[in-house]
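Multiple structures follow.
Here come two complexes built around chain A, the first alongside chain B, the second alongside chain C.
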Partner chain A sequence: MTSTTKTKLSMHEDHIISVRAARKYFPVQEGWMRRVKGYVKAVDDITFDIRKGETFGLVGESGSGKSSIARLILRAYDLTGGEILFRRADGSVIDVSTLSDRDLRDIRREMQMIFQDPYSSLNPRMTLLDLVGEPLVIHGVGSQGEIRDRVAELLRLVGLRPEYLTRYPHAFSGGQRQRIGIARALALNPSFIAADEAVSALDVSVAAQNINLMQDLQEKFGLTYLFITHDLGMVEHISDRIGVMYLGRLMEVGPTDEMFAKPLHPYTEALLAAVPQPDPRGNRARKRVPLKGEIADAMNIPTGCPFHPRCAYADAKCRGEVPELRVVQAGRQVRCHHAETLDLTGVVAE
Partner chain B sequence: MTDIQTLPSETLLVPPLAPKEEFKADASSTAKPWTLIWWRFRKHKLAVVSLAFMVILGLLAVFADFMSPYAPTTINRVNTFAPPTVVRVVHEGTLQRPFIYAMKRVRDPETARVVYQEDRTKVLPIDFFVRGEPYALLGLVDTDLHFFGIGDRRQQINLLGTDSLGRDIFTRLLYGARVTLSAGLIGVAFSFVLGLALGAISGYYGGWLDAMIQRLMEFIRSIPTIPLWMGLAAALPIAWDPLFVYVLITIILSLIGWTHLARVVRGRFLSLKSEDYVLAARLAGASEYRIVTRHMLPAMTSYIIAAVTLAIPEMILGETALSFLGLGLRPPVVSWGVLLQDAQNLRTISLAPWLLAPGVAVILVVLAFNFIGDGLRDAADPYGQ
Partner chain C sequence: MSDTTRTSQSSMPPERLLQLDNVGVHFPTRDGLVKAVNGVSYHVNKGEVLGIVGESGSGKSVTARSIMRLQPKNAINASGTIRYRCKSGEELLINEQDRLGRTMRNLRGNEIGMIFQEPMTALSPVHTIGTQIMRTVMLHRQVSKADARARAIELLTKVQMPRPTDIVDRFPHHLSGGMRQRAMIALALACDPALLIADEPTTALDVTTEAQILELLKRLQDEMNMAIVFITHNFGVVADIADRVAVMYLGRVVETGTVDEIFYEPKHPYTQALLQSIPRLGQSHGRRLRTIAGMVPDPFNVPTGCSFHPRCMQAVGGICDVKTPDDVVFASGQRARCHFAGQDRQAEAAQ
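Our next item is the complex of A and B:
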């Protein structure tokens, strides 16, 4: 019945998520006859793994398809092609993209999401008890009293007073609301949490507090995070490995420190150059690679390497041939024809 | 707890709790959504006044037979076109309980027209809870008690004058309020059902179904209403029971009126579909039924109520217009539109301007509903910035 019975669903023992050649095309419709005039390739041929217990950072400009990946993994969207494997708590491996609604409901206990907007992600008409307790109610876990106790415990875990159970979200600040969202995500003891720009809407100090909270919770419960952000400073702080996305494609995947020290893709280099440097002297010495132009229209992806119109190193090969994501060093993948020959600068590690 | 693993609390690094004072510890943090809506509505003074006015008018209409001194069909041949009776409290310089002077019917020697003169010597005190014409209160209790009246059977108290048959207009206005207001409510109820169903389908499913419903709505809205009403009303056989005609008229009105409501519902569904909290519920494993009933409908009810309130005056105006033109309700049914038929020619208006009282009532009610609707619309989303 479940996908586990199918053959050849296997993944590396250490991996909890394995995204394989995932594609998501949104049809663009025109006129009232809804004729499909093209597709937005939000996610195109994405392959990467997330190891158990790590934080995988996904970075890229807005419109690069970061959020779509999180939504695909959690099956808020259906895949257009490819597969997404997930290792359940009992060790079995399933393909999320082909699950039936009933099996999916079961899986939802093990993977959860933290949302970007702390305002729109909490139903303003529900008390904290109803909000945080909703997953428990849906999955029929425990009696009313038990759910109440569990919600109080969850609130305490994220640093909110259990007395606030009867309050509505409008009584809380943005940072506190985000914690309510974290408590809700934790309610069913998931093993994997996708945090979609989870702190982008918050002030720096509040964001830092919540990041630390998330790291504490990761340690406590052995959580695996998919951390999506456009803030490279944040991703350096929290992530073990990073994937860099551009126009629905992964450009580079690698360990955080190695990538920050020496990027392999020109796009990564440009992103790193844009990170503000706390030390102005270091800033002066740094080579600046300003990124030309805007991210391309996802309906009209440039031929060849999608990044070539903005790349300082592009040549004829880049314009004509689509590069593949390939392993160039142990643990590092890059989608660039010239990865071996380019000498790119990263950020000097403190 | 079957499935939740309880956490060994002593091993946990619990983050420091937020200090208690950090919160605005007022009642608003635990106030229910409807409480917040009411608080906000209360700030809209005009809306509150209008709401009070409508509640009073509604009660007057429900208890019309008790509140009015006469029956709406009682004809008085010697009291036609009587002007509104003035209620006084001062008689020959001394303060008294409310009273009226008796009316004397005389003929103008030049024009031979009937005019009414007050007989300042005859004081008729207004009595409360007087015996009058029998009726069944709320259709249940047979009684002949009226809220007010005068003792003298040969004289009448006509707060808003009388019509060409000597019927008391105040009485007829109250009875007409029943029909007119309920026509508005029933019509809105019909269009509510249509609008909610079609708007929800349109907004929730989208796609070609949405496109079809949208085009249908645009088509209906582009039809000139008066000729359509005339056509539909002309199709109703004249011999039918007036009550049945009344229901049909409201259905006809709502066949056009539902489009506005459907638009509101569709818009809300579209915007709610993309709310993160709806996705969050879905990711928590909530069923479609739960998402619609627990997350989407509660977020819409206040908007729907506001839209419905704003739709009622349209219905009332529609009924009034139809009846005024003689296409809607017909006598002996008493509605404000039917009453206004009496005020159709200039001569009667110049002789008896009080026949326009139902028109004033229509204006007041339409304004009141609009103010209430405005107040509700402003208060509908108490969480907006």
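Our next item is the complex of A and C:
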């Protein structure tokens, strides 16, 4: 998987991001001497690519490492191992994990993030002009007047009135604040945006508005999204391809439609079965066997397949041997010893 | 304030456990009076699960808390009656009770249990799970400490807590989110309540844990023949657990009906629009989501007439923005608070 030469980085020309064998371990310290007693393997040997212009969905339970991956890509965290390649707007490829601070600032014009909590991610003492214009000021783009015009344009883009320029975030609802966050992320014309649970805190009708907005913007500017969520209905709606995470590992990667119609990993099957549907008759007809137990402690990851203690299909091999993420069908990868022999159920479309 | 409802002292039908009529709860604030709950009526029969859905600010939690009289001190109970049938069979007017009085203290925990979204706010962080359950049991029942402890372990077993004899001596912070939720359910069930009020109990949980807790609640409800008022904003969860559903918007119930009626034949434009804005598994990829125009108005400026009219695709000028609609009652018992409920136009919009 790793590139053959160190000097020349290469990736498939359709790809904008390539995460290769990425690892992030957090040390767990103990006592006043801060002795390291172990590591939390938040991200362990993750490899996947994001294609230019697509929406890549990342799903999994809390603690599975979804957010850590976004933070690694934007280099809010430093990698413990592996590499993360990014294709710049000019076509050149760089390894985000080895950039100097100065180059990093440059690269962040092209990659941005939208956060979950629209209340804590906006400074309450800054007006919309300051908030949305801040990235422009930092990167020295334009004069004061130009920044003002650009912010007004950005607000219009996300469906907020330009007259709101001088207002503070407290005057806005949760959905509108999320739009402010989107405008801020768009300020420097990025090509890639990581949205970490961007609509999870919103009400149904408002979430739908913002999702539609994000899709419009994607079409308009050719954006690539990494969409992180625990809401499977939402991820299915917005994503072209999906990665399913469990305990810091990718269990399955594939195109949305194929994966949801016929999952290859028992964990994907269990997740899909767990979602209650807005369909009372369907729920009654469907036999739901809830997944047993809970996600394991990230400091004591089970031996063999990390999912085996909760897996209905696990056998001796699963307990002893760690499965590799491997290609089983064109475009579909899975980390399961028995992917070929299992006949799993997906979502039955009505 | 409106004493007209008081005159209807007629008793509830025998199967009725809880009945709210025209309940209004207001909060005085610096910026004016907030009518958080503005004439809510719903009822729960014995052994039935009533789902209450609505967006934030619709008043679902405030209404539920007024059943327990667990309101902030500044809350004004502006109107309406809340009737409850005790285990003894007698009817109690909850809205007339002193919130700190003996009757309410006996009601809470003993007759009505309550579980919340965030278990850490409901459980004491400085007492073990066992101690907290034992205190509830000993408060309402004349039992010895040893018996209460045995009861605590029995309850933890009942909620399928792993290693109940060990967990009983643990503190809440030792437990995972799902286990805390189980501990809180055990606490709420300590005295076999006839009614459980569940306020968004699965919202903070992962889907797999949510499925476990929903299965548990359904099983317990069946075993104990307990009624549940289940508050949520998640239509999937409501479809899974509820027998009947009440949809709330801006402090009012806009539609009630059986779960099948609400999901397959919604009569109110708000219910219809909400159902269309949810992405559903297996049929939504790539399709644009239907949205509801605008946003929930702020509680100081509730629109005149039908409070949903500024966002309603089917609003008719001169009627919807002027006159507050009454419930339209259908033959099946389904109710919708819309001037045009059940008329042809609605049927085609539901398609």
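As a convention for this text, the second predicted complex is superposed on the first by the 331 of 350 C-alpha atoms of A that agree within 3 Å, B and C clash if a C-alpha of one lies under 4 Å from a C-alpha of the other, contacts with A are read in each partner's own complex, and residues count from 1 in each chain.
Keep this in mind: contacts are C-beta pairs under 8 Å (C-beta built on N, C-alpha and C of every residue); 3 or more make two chains touch, one makes a residue touch a chain.
Note that the structure is predicted; figures quoted are calculated from it, not measured.
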**Asked** Between chain B and chain C, positioned on chain A by superposition, is the outcome a clash or a fit?
**Response** fit
**Prompt:** Where does A:142 make contact in the superposed view: on chain B (first), on chain C (second), on both, or on neither?
**Reply:** first
**Asked** In the combined three-chain arrangement, what's the angle at chain A toward chain B and chain C (CA centres, steps of 10°)?
**Response** 70
**Asked** With the two structures laid over each other on chain A, which partner does A:321 touch: chain B (first), chain C (second), both, or neither?
**Response** neither
**Request:** Could you say whether A:113 touches chain B, chain C, both of them, or neither, answering first, second, both or neither?
**Result:** first
**Message:** So in the superposed three-chain picture, is A:124 touching just chain B, just chain C, both, or none of them (first/second/both/neither)?
**Reply:** first
**Request:** Check whether A:340 is in contact with chain B, with chain C, with both or with neither, and answer first, second, both or neither.
**Result:** neither
**Asked** Upon superposition of the two complexes, what minimum C-alpha distance (Å) separates chain B from chain C?
**Response** 6
**Item:** Contact residues common to both interfaces of chain A (with chain B and with chain C)
**Value:** 176
**Complex contact set, residues of chain C against chain A** = 55-56, 176, 178-179, 206-212, 214-215, 233-240, 259-260, 263-264, 273-275, 277-292, 295-296
**Complete:** chain C partner, complex, touching residues on chain A are 61-62, 173, 175-176, 203-209, 211-212, 215, 230, 232-234, 236-237, 256-257, 260-261, 270-281, 283, 288, 290-291, 294-295, 346-350
**Complete:** Seen from chain B, its contact residues with chain A in the complex are 1-5, 7, 9, 12-18, 20, 23-24, 28-31, 33, 207-208, 211, 215, 275-277, 279-286, 290, 295, 298-299, 383
**Residue numbers on chain A that touch chain B, as the complex places them** = 32, 34, 74, 76, 104-105, 108-109, 112-113, 115-117, 120-125, 127, 134-136, 138-139, 141-142, 146, 150, 153, 156-161, 166-168, 170-171, 176, 181, 184, 187-189, 213, 216, 220
